[in-house]
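If you scroll down you'll find the structure; I have some questions about it.
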Amino acid sequence: MPLMPVVLWTDALVFLLIALGLLFGLYAARHEHLRAPWRRVVQSRVGVAMLVVLSAYGMVGLLDTVHVRLKLDTPADSSAAPQYAPEILSLLDLALSGLRERQEKTYSAPFATHLFVKEAIEQPDGSVIRDFPRLEHGGSHLADPATQRGADILFTAMLGMLKGLVFWVLTAFAILWLIARRRGELMEQTWTAIRAGRTPIPWLTALSMLGLLLILGFVAGELAARYHILGTDKVGEDVFFQTLKSIRTGLLIGTLTTLVMLPAAILLGIAAGYFRGWVDDVIQYLYTTLNAIPGVLLIAAAILMLQVYMSNHAEDFTSLVERADLRLLFLCLILGVTSWTGLCRLLRGEALKLREVDYVQAASALGVGHATIIGRHILPNVMHIVLITLVLDFSGLVLAEAVLSYVNIGVDPTMNSWGNMINSARLELARDPVVWWSLTAAFVFMFTLVLAANLFADVVRDAFDPRLRGI
Amino acid sequence: MTAYILRRLLYAVPILIGVNLLTFVLFFVVNSPDDMARMHLGEKRVTEEAVQGWKAAHGYDRPLLYNAEASGMARLTETIFFEKSARLFAFQFGSSDDGRDIGYDISQRMWPSLAIAVPVLLVGLAFNISYALFIVFFRATYVDIGSVVLLVAMLSISSLFYIIGGQFLLSKVFHLAPISGYDTGLHAWKFLILPVIVGVIGGIGAGTRWYRTLFLEEVGKDYVRTARAKGLSERLVLFRHVLGNALIPILTGVVVVLPLLFMGSLITESFFGIPGLGSYTIDAISNQDFAIVRAMVFLGAVLYILGLILTDISYTLVDPRVRLQ
Amino acid sequence: MTDTLLQVEGLTTELGAAAQPLRVVDGLDLHLQAGETLALLGESGCGKSMTALSLMRLLPPSGRILAGSVRLGGTDLLRLTETEMRAVRGGRLAMIFQEPQTSLNPVLTVGAQIAEAVRVHAGCSRAQVPERVVELLRAVGIPDPAQRAGEYPHQLSGGMKQRVMIAMALAGDPQILIADEPTTALDVTIQAQVLRLLKDLQRDTGLAVLLITHDLGVVAETADRLAVMYAGQIVETATVAGFFARPAHPYSRRLMESLPSADRRSGRLAVIPGRVPPLDRVFQGCRFADRCQSVMPVCREETPGWFEIGAGQGVRCHLWADSLQSVVGSWQSAASGASEGESDRHPAAGNGILLRATDLKVHFPIHRGILRRVVGQVRAVDGVSLDLRAGRTLALVGESGCGKTTAGKGILQLVQPTGGSIRYRDRELIGLGHRRMRTIRKDLQIIFQDPYAAMNPRMLVGDIVGEGLQALGIEPRRAGRMRRVAELLELVGLDPASANRYPHEFSGGQRQRICIARALAVEPRIIICDEPTSALDVSVQAQILNLLKDLQERLGLAYLFISHNISVVAYLAHEVAVMYLGRVVEQGPVDVVLDDPRHPYTRALLSAVPVIDADRRREIIRLEGDMPSPSHPPPGCHFHPRCPVAIDACARSYPGETRLNDARVVHCLRANQE
C-alpha cells in the first residue's frame, strides 16, 4: 500500500456529520412533510444556483479532509516494515502538489514572471546588479516573458476554457440523460422542457452555474500549472493554493460548531420549555450566565488556556498538523458553547407554546408518556427552527473565524485560513507598492462562500418557516 | 416597578457568581498558576524558584480555595479565589501583570470607546431606519429587490474588509482622514471620522435588512389595513402606524446593547489605534494578561445584565401593553 | 331604484400568482339603497371578505380586480386614482373588520386613532378634533368617553373595541358602512349590543350597511335584504322576510335545514355533503352541482343564468328556468319532509352516574413582588359540580372567559385542579398522579375546538388515530393497530385509506372526524367535547353533530359538551349547565332551562341569541358592561353588578342553591319569585 490513511479528529467529525446528513436525507425522502420544504428549496432559482456553488466549496473541503501519509521510498528490502513520511497530507494537497511544491523566494504578483523585490543577481559576466530576478516556477517556461507572456496567458486560458466546456457538455449530457430517464421521455423532450423552464427544478440555472464554475475552474487550473495566478506570499507560497486550503477551515468552523452545540441546545431547550418549573429555572440560569460573558472574551480565555496547556504539554502533540487540528476542534467547541444559547432560547419558547397545543394535550389525555410526547410531537415540530438556525449561523461563523484568527484567538497560526491570510495581509498593505493579492484572494473566496450561504439560508428559511407559507 | 427592578437585581447576583466561578475554573483550575508562570517565563526549563518568584510577584502564591495555614476568616480570604475573583464584586479589579491599576485604566479608556461606539450607534440607527423605510415604501418593486441583494452582499463582507478597505481608500488613497491614532479632547474628532464611517457602513447590511423585515411584518397587520380604510395616505400609514409599532423591537434591541457600548469594539479600536477598552482587551489577550481578561469578563457580565434590565424597563416605556410586576 | 347608493356590476377579483389564480369574486352584481341593510351571507372561503375589500380597494398585495364597476353615487370607484380613492375610504365608504383585537393599533390611544380619521375627513379645525372624538365615542355608547379616548386598545374589552372601530368608521360621516363579520369574534350578549348599536345608528343617520356574515340568525334580526354567496358568485338575493319564508336556491334551503335547533332534536340535521370547491379552477356548469340534492344533468353542463322570481327575489339555478318550474314545487314539498322522520327522542339512558365532579376548583396563582409571592388567584373554575350519565349529554354553556374549557380540562386532569373532587366510578381522580391516572385515561377522552391544531401535522392519520392504542398498550402490534384504525375511520365516515395520509390533506370537517376517531379508539365512556363545531361552517357542523348523536346512540357514550352556541346545545344536549365567572348559575334539563330560564344571566344570554323565526324572538335583555375578571370577582353574587333585577342582598353573599325540582338548580336569590 503506497499510503496510509490518517483520520484526524475533525475529519472523524466531518465524516460523522456526512453520515448524519445522509441518514437524515434518507429519512426525509420517505416523509412528505420533510421533503416538501426541500423541494421548495431546489425549485427556487437562487436556491439551486447557490447549492451548486456551495457544493463546489464542499467538494474542495471534502478532498482536503481525507488525510494520508505517503510511503517513503525505502530500499527494495521487502522484509523491512514500510516506512511512512511523518508529513500528513490531504487528497487536495496531493492533487495540487504542483502548486504546493512550486515555492518562490518571497512575494510575487499574480501572473508575474519576476520576483516582487529586487535582489542582487550575479550576471554571467560575474558582475552583480540589483534587479527583480526571474521566478523559479511562475512563467519559467517562457524564454522572453516581456513579449510572450500576454499571448501565453491568453492561449492557456482559452485551452482551459475549451477543456472546461468539453467537461461541462459531458456532465450536462449525463445529467440530462438521468433526468430524461426519470421522467420517462426522450432526451430531446427533456431538453426543450428545461430550456422553456417547464421542469419543476430550474435545471437551466443549475447547469449554467455548473458551467460557469467548471470553466472558471479549468481556466484557473490550466493557468495555475504555469503561473502563480494569485501571486505568492512572503515566504513564496502560492496564494491560490492557500485560499483553496482555507476553504476547509471555513467550512469546518461553520458546520462542526453547530454540530457540537446541537445536542445541548435541543435537549436543554425542549426540556426547559416542556417541563417548566425548576428544570426551566436551572436551564435558564445556565444560558443567561453563559450569555453574560462576552463571547469574544470567553473564546479568548478558553483559547489562552489551551495555549498554556499545549505549551506545557508539547510532547503530547506529534505533528504540527495534529496540533493545529486539535486547536481547530477546540475552537469549534468553544464557539459552540457561546452560540448554543440562542437556539436553546428559541426552542424553549417554541416548546412552551407546543406543550399547550391541542395535539399535545390530546396525547396526554391518551396517556402518552413524556419522553414519547417530546420525541413524537415536540421534536419533529421544532426541527424546522433547528435547520433554519443551522444555515443562518453558518455564514456568521465563517465570518467569526476571520475576526478571531485576526485577534490570534482563532485557528492555529500555522493553519491555512482566511483569517490568518487577512492577518498577515494587514502589514502588506502598508508596503509600497502595495501587496494586495493575498487580501483580495481571501476576500473573493470568503465573500463568495458567505454570500452563497446567506442567499441559500434565505431560501431555506422561506421554504421552512410555516409563518411565511401562511399554513 | 421598583420592586421589579429590585428583584431583577437580586437575580443578577447568582448569575454574577456563576460567571465568576466559571472564569475561576477556567483560569485557575484547568491550568494551575504554575502553568501560567511557566508560560510567562517562556523557557522550557524554568527553575522552580523562578516560578515561585513570578507567582509571588503577581499574587498567585496562595492556595486556591482554602488556606489551611491562615486562621479565622483569613482561611477563606487569603486565597486566590477571594483575592482574584471574589473581589471583583466590589469592582476591585486589582492590577495587571505590568503593575498598572486595572480599575483606573478602565475608567480612562472607556471614553474613547464611547466616542466611537455612540456615534456609530446613532448614525447607524438613523441611516438604517430611513433606508429600511425607503425600501418598504417601494416594496415589491425593483428598488426593493435591488436593495435586498445589495444588503445581503454587504452583510456577506467580513468587518475586517470594511476596516481595511476604509483605511486604504479614505486614508491611503484619498488622504481624507488620518489612518489611525487618537488625540485627547475635541481634537479627537478627525481620528474618529474614519472609524465611525467604517462602523456605520459595516452595519448597514445586517441592520437595514433586519429593520426591513420588522417593517414588512407590521405592514401586513390588521391595524394597518384599518388605517388605510380610514383613508390615510401611505406616508402617514408608514410613519405613524408601521414605524410606531416597529420601533418597539428596534428600541429595545438598541437598549440591550447600550451598556455594552462601554466595552468598545475590539477590532475597530485595535485597527485604528484608539486607546479604548476594546484595544485594551485585545492587547491583554495578546499579552496573555489574565488579570485584565478576568476583569473585562466580569465587567461585560455586569453590563449585559444591566442591559437586560434596561430592556425590560424600556418596554414599559414604549409599549403601553407591557406592565412590569 | 332612484336612491340606489352603491351599484356593483360584474365585479371580478383574483388572488395569488397570475399562473394559478384564485378567482375569489366572479362577476358579482349587487346594489345597496340608502338606509337599508344588505347582508352578504356565505360560508368561509366563498369570497365575502374579498368582495368587501374589493369595494374598498384594499385587497392584499397579491389581489387584483379584473373587471366590473363599483358605482357610488355617480362615480366609478374602480376608475379613481389612489389619491381620490383615499378620500372615499373612510369618507363616503367606511369599513369595520372582524377582529377588533388586531384591527386597532396597539401603541396609539383610541382617541388618537379616531382623531386621525376625523382630521382626514371631517372639515373641522384642529381645535375641534378632540371634541368631535368624544362626540363620536359617545355616539357609539362608550361610557365616560373623554377618559376612554386617552386609553389604549388593550385596556378595552372586545365589545368596546368594536365600538371604537365603529366610531372611527363614523368619523367621516359615511353613506355606507361595510361591516365584515363585525360580531363573529364577540360573545352573544356583546353581539346583541353591537348589532343594536348598528341599528340605532342606521335609524339616526340613514346609513346604509353592507353586513357580511355567515350567521343566518344575525341576518334575520338585522338585515332588510340579503345576498347569498357561494364560491365567488351570488346565488340568490331576496328580502329577508321572503328568503326565510321561501328560500329559492337549493344551497340556501339546505343551509337553513342544517341549522341545529330544539325542534330538530328528534331527527338528523340536513347536511350538505362535500365542501366549497377551491376557486383556482375554471367551472363548468353550476358550482353547487356536486353538493346539490336536486342536481340535474343540465347543471353539470350549463352555467345557470340569473332568474328573477318576483318580490325582489332572484336566483342562479336551473331549477327556476321556466321549463322546470314544476319540478321546484315537488322538490320543495319533498325536501321539507326529509328532516322529520325517525324519532328516537330518548336514547337508552342508563341513569347511573358515571362521573361526578363536586365543587371542582381550578385556580391559577398570581405572583407579584420581589419574591414572586402569590398575591391572588385567577379563579377560572370556582366550585363547579356536575354529574355525567352514560348515554346522556350534559352541555356546559357560557361566554368566553367563564371557565368552561378549564373545567373540562380540569376533569381530565390536563390542568391540575386546586380543589374539589372528581369521582369516576367510585375512584377519586384528583391527586391520582401521572401513572395511576393512565389506567383511567382510556375511559375519558376529549375532542378539541380547532381541528387544525388538534393533530400533529408531522404524523400520518393512521398513527394519530392509533396513538392511544399504542400508548395504553391496547394494541401493541402495528398490524393489529392499523386494522383497528381502519375500522374507526369507517365508523366516523372516512375512507380507511385515509390512514396513510397527512392531516393537511383534509378539510376542517374531515379533521374533526379524525379527532373523534382518535378519541373513540380507546373505547372511552365519556368524551369531553370542547366546542367541537365552533370552528366549522354550518353545513359541516351539521355533519359532525349528526355523527356525535349517532355515536352516542350506538355506543352509549356520555358527552360533556362545552359550547357557547345555544342552538347546538338545544339540539344535542339532554341537560345543560350555565356558567358565569367560574361557577354554574343554573342547571337542569335542556328544554326546561332553555324554555323557562330562571337565572337572570341565563335569561339575558338566551334573549341575546339571534333567532330566525320572528315569532320566537324575545325582548333582548341588555346587559351593561362586560364580564368582570376572574381574578377579582365581585363580592356576593358574581352577576349582581350587571343584573337587571338585582337587590341589595345580592351584593352581600353568593346565593346558595335553590332546587326548583329534582333536576333543576338555580343560584339566585330571586329564583322563586315571580
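We call the chains A, B and C, going by the order they appear; numbering starts again at 1 in every chain.
Basically, contacts are C-beta pairs under 8 Å (C-beta built on N, C-alpha and C of every residue); 3 or more make two chains touch, one makes a residue touch a chain.
This structure is a prediction, so every number in the text was calculated from the model and none was measured.
Enquirer: Of the chain pairs B-C and A-C, which one is connected by the greater count of C-beta contacts?
Expert: If we tally the C-beta pairs in contact for B-C and A-C, the bigger total goes to B-C.
Enquirer: Centre-to-centre on C-alpha atoms, which chain is most distant from chain C?
Expert: With centres defined by C-alpha atoms, farthest from chain C sits A.
Enquirer: Using mean C-alpha positions as chain centres, tell me how far chain A is from chain B in Å, no decimals.
Expert: The mean C-alpha positions of chain A and chain B differ by 29 Å.
Enquirer: So how far apart, in whole Å, are chain B and chain C when each is placed at the average of its C-alpha atoms?
Expert: 52
Enquirer: Counting in whole Å, what is the centre-to-centre distance of chain A and chain C, each centre being its mean C-alpha position?
Expert: The computed centroid separation for chain A versus chain C comes out at 55 Å.
Enquirer: Using the touch rule from the top of the page, what residues of chain C touch 2 or more other chains?
Expert: none
Enquirer: Across the complex, what residues on chain B touch chain C?
Expert: Going by the criterion above, the answer is residues 3, 6-7, 10, 140, 221-223, 225-233, 236, 240-241, 244-245, 248, 318-321, 325.
Enquirer: If you look only at chain A, which of its residues touch chain B in the complex?
Expert: Within the complex, chain A contacts chain B at residues 285, 288-294, 296-298, 300-302, 304-305, 307-309, 311-312, 395, 399, 402-403, 406-409, 418, 422, 425-426, 429, 439, 443, 446-447, 450-451, 454-455, 458.
Enquirer: Give every residue of chain C touching chain B within the complex, in rising order.
Expert: Per the touch definition, chain C meets chain B at residues 56, 58, 61, 83, 86-91, 94-95, 97, 99, 102-108, 116-117, 120-121, 152, 154, 165, 168-169, 171-172, 367-372.
Enquirer: Within the complex, which stretch of chain A touches chain C?
Expert: These residues of chain A touch chain C: 31-33, 357-359, 361-369, 372, 376-377, 380-381, 471.
Enquirer: Would you pull the chain B residues touching chain A in the complex into a rising list?
Expert: 14-16, 18-19, 22-23, 26-27, 30-31, 35-36, 38-39, 152-153, 155-161, 164, 167-168, 172, 260, 263, 266-267, 270, 281-282, 285-286, 288, 290, 293, 296-297, 300-301, 304-305
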